[in-house]
Structure formats: C-alpha cells, structure tokens
Amino acid sequence: MTVSPHRYLHRVRFRECDPMGVVYHAHFIDWFEYARTEALREIGLPYKEIQHSGTSLPVVDLAVKYHKSAYYDDLLVVETVPSLSASGLKLTCNYTVRRQEDDQILVTGHVTLCFLQEGRSRPVPAPKAIQEALLPKT
Amino acid sequence: MTVSPHRYLHRVRFRECDPMGVVYHAHFIDWFEYARTEALREIGLPYKEIQHSGTSLPVVDLAVKYHKSAYYDDLLVVETVPSLSASGLKLTCNYTVRRQEDDQILVTGHVTLCFLQEGRSRPVPAPKAIQEALLPKT
Amino acid sequence: MTVSPHRYLHRVRFRECDPMGVVYHAHFIDWFEYARTEALREIGLPYKEIQHSGTSLPVVDLAVKYHKSAYYDDLLVVETVPSLSASGLKLTCNYTVRRQEDDQILVTGHVTLCFLQEGRSRPVPAPKAIQEALLPKT
Amino acid sequence: MTVSPHRYLHRVRFRECDPMGVVYHAHFIDWFEYARTEALREIGLPYKEIQHSGTSLPVVDLAVKYHKSAYYDDLLVVETVPSLSASGLKLTCNYTVRRQEDDQILVTGHVTLCFLQEGRSRPVPAPKAIQEALLPKT
C-alpha cells in the first residue's frame, strides 16, 4: 500500500545554527520527531492519545545523510513516509528534507520505533489504528 | 549563614554557539540546572533522591544579565549560591558565570524554585536536609 | 505609540517535555526568539536582513515568570510586544504565553537586546525601519 | 594501527530526559560531538585550532542504535574510536555508550565528517596532525 508522504514545514531558527552559519546536524533529528507527530495525527492517532493508552514509542535506531547545508531562516519541507514492519512490531519513518525555495534535497534519513506497553517488558504490535492505516489490505 | 559558593565547570560546545560565534543566550539557563544539581548533591541531597521521595522542584522565576560573550571551547566556571526563603518555601540560586582563563564575569542571574509534593496542589516547605543546610541556625 | 501584539503559535514537542511531564523551563526562551523573529519580519525587517547589513542583536538581559505548566502537545500562543528605548539603543520584547485551548496565561517575561555594528565596539541605534515602526511619531 | 578508545564522561541532566523518564534519543548525538572534541584534543589537535586554520568539519552521515535506556543522573561513558579513510578525506568516529555503574552498553553508533577548507568547494584531506595520529604508518 502506498501512503502519500506527509509534509511538515520548519523555519530554521537562529538557535539551531552553528558558527559555520549552517544548521547544526543534530537538530534534524528533533524535526523528524515533529514531522512524525504530525504524520501520526493525520493518520488519526495523535501520539498523545497513544501515550494515554499506556503505549510508548522508544526509538530503536536511526540514520541520517547530510547532502547539503541548511541556512538560517530557510523554510524546510520535512517529508515523512511511515511504514510498518510485516509483524506490526516496528514503525519506520523515512525522511527527506528539502529547502522550499529551491527544492534541493538537503538531508535524508530514517527513524525506527517500537511499541512498548506499560507493565510489559517486550515490544507489542502497533495500535490498531496505525495497523489499519499502514498495513497492506488483503 | 554563609554557604560558600559551589563551582561547576562547563566546556562550551560547538552545538551551543550561534552564527555570531558566541554562546546562544538560552544555554546558560541549562547550565544553571547542571550547576544547581551538583550544588544540591554537595549539600547531601541529590535531586534524584528528592524526586524519589515524591517531591518536584518547578522553576518559579528566573532572570539573567549578559555582560560579556562566551566563546567556543571556553572553560566556564558557574558559581552557585543557594538560599532558602525564611518560610522555607522557595529555593533561590544566585549564579555568576566566569571564563576560567581570564576570570571575567560573563553572566549573572538567579533561578527560583518551589517544592511540590505529589498529590498536593500547593507548594510545601523544602525537605529537611535542604533546610538544615541552608537555613540559619538559631 | 501602540503596536498591537504579534502572535506566534507553537506546538509543544515531546523533546521539550521533562520527566515531570511538563515543558522544561528553558525552552520558553527559545520560543521567545522564534516569536521575536516573526514579529520583526512583520514590521518589515527580517532578522536575516538585519544581519546581512552587518548588525547583530545580542541579548542584554531577560526575565521569566512561570505561572502554570505547559503540557505535551499543547498549542501555545506567544504574544510579543516589542518596544524601543527612547535612545533607540535597546529593543525590549515583552512576552505573554497562553495555552490556546483555555486561554490561561502560563508564562510572562521579557528579553532586551542591543544593536552591534560590525567593526564597532559600542552599541548603535536600531536600524531605521525598526525606529520607524516602534518609536512614537511626533 | 590501533588507537585506544577515548573515554568521555557525561552526567545525564534533567533537561535531557523526556516524559518517559529516559534520555531523549537525539541528545546522544550532542554527546558524540563532546566526546569527539575531547578525542581530537587528546590527539593534539583541538577543534578550535582546526577551525582557526580555516578548516571546518561538516557531518556527512551518522547512524545510532539504541539498546537500553539511559536514566536521569546516570553517569555515562562515551567511548570514541576515531579512524581516517585511506584517502584521508573522511574521519569516522565509532561510539559506544555505557552506563558507568553497571557497564551495560546503552547506545552504539558512528558519525562521519569531512574536511572543508575556506574558499574551496570540495573536501580536502585531513590536517597533517590528524593523519599522523590516525593513518597506519608504513
């Protein structure tokens, strides 16, 4: 099943730029969270509700490639494509960050999360609403 | 009662410097937390233990004056002088940040916190150990 | 002269919340920057252009009062009222942060900045566009 | 050539913990920077000096695996093993983060950087001192 990518806009702030005059690399990972949150909200499952049901989503792994620099005050488009592993146990978000003005790809990466249920030590499958939105229909 | 100031050393990191090549102003407030934590540990009351006893310390107010810039890789000395209000309800930490190399004062400020007990809506007096360390003996 | 306050919306992110489940106090100061940037842009003077003209705006002092907690996923309204000292040397932004949902005031504060010109050691008056927007007309 | 790993100690701060009560995942990447800086200083080439010679070290890519949670006030040992690509164009730091108390491995990862020289658009080989410290002697 194809899910169309979710687009999240982020304005680069002074706080986020380093003495090279460009975005400090770690901040992209913060924005991945913001984009992921809005992508889940769009699916109909705000992360806040997931939490209230006693589920948390720790990050399992991530990887980022930096292609070009982002500059102060750039308006960035963070594209998120979420997908669920066949077992439903892992949620992977693939990201592409572009500068809106010239559509250049600046950063690509992914973040993988699992689902933990309060009081249980092992990961559990994704909540139904996420499965329905992301798993292929038969 | 005079408590001699607690000294906390912080090395300025690249992440903390902005395109002006100096420390971004908000980071000093993070370091105030680090210095406060170590000052409380020295008194014999690690913040982690305070927490475990069901007490939290929300910040009530703060103020900062920026006198001179701090630069990348500077080694800073954050001096903390904690004091307790007569009622024991408020903990104020007064801060002076110096550059170790030339002993120049870069930043001064204070942070005031109160004590909240789980399940109670109003602030409570400071834990005994803090009162004993900080309140004047009669 | 009265300038109507500028409103900046901020969604509280997971990264910004601490183990007490509320916004960590220092983050409000980041958001003050974001709100200030947009307030200046509205006046017609993006901070990026100010910078390009060789002017920087270091923070001179700030103060914050924390009235109520902000929670994860809250939508906050950061209201900025900028004003210029009579001499034109200092820009003060007064802030009020409300939760959009219930209009409660969570945080109030101010940040004062001065204007530095490349190659000059003393503060200079605000750029014309800021003076025109913020100084009382006679 | 084997370089013995550099050890950097980091105390987990309240600011760095999230509502799950554990370290927010992105902060490890900040600590990788701190550890890398101290590892380079030990080799005899403080990053500040590299910068002063007109060289900057942008991050090219990174990857992180999260094995176990780090908690508030944990003392962490960040182990850095730096290595240079055969061409001398890329510096990769491999990281292992352990909790000092129980020696458990919490996080592993790497960050790869290249060397940019002011006024040149393409990456350049690492400064001599880094080559001498990290390239195999023949």
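Residue numbering begins at 1 within each chain, and the chains themselves are lettered A, B, C and D in the order written.
Simple rule for what comes next: contacts are C-beta pairs under 8 Å (C-beta built on N, C-alpha and C of every residue); 3 or more make two chains touch, one makes a residue touch a chain.
It should be emphasised that the depicted structure is a prediction, and the values quoted were computed from it without experimental measurement.
Any chain that touches chain B and also touches chain C is listed here: A, D. Sharing over half of its contact pairs with A-B by residue number, the repeated interface among A-D, C-D or B-C is C-D.
The interface with the greater number of C-beta contacts, when C-D is set against A-C, is A-C. Farthest chain from chain C, judged by C-alpha centroids: D.
Centre-to-centre spacing of chain A and chain D amounts to 24 Å, using the average Cα coordinate of each chain. If you average the Cα atoms of chain A and of chain C, the two centres end up 29 Å apart.
Distance between chain C and chain D, defined via averaged C-alpha coordinates, is recorded as 34 Å. For chain C, residues that reach two or more other chains under the stated contact definition are 14-15, 19, 26, 30, 33, 51, 72. Of all residues in chain B, only 19-20, 22, 25-26, 29-30, 33, 51, 56, 58-66, 69 touch chain C in the complex they form. Contact residues of chain B toward chain A in the complex are 14-15, 17-19, 21, 24, 26, 72. Within the complex, the chain D residues that touch chain B are 11, 13-15, 30, 33-34, 37, 46-48, 51, 72-73.
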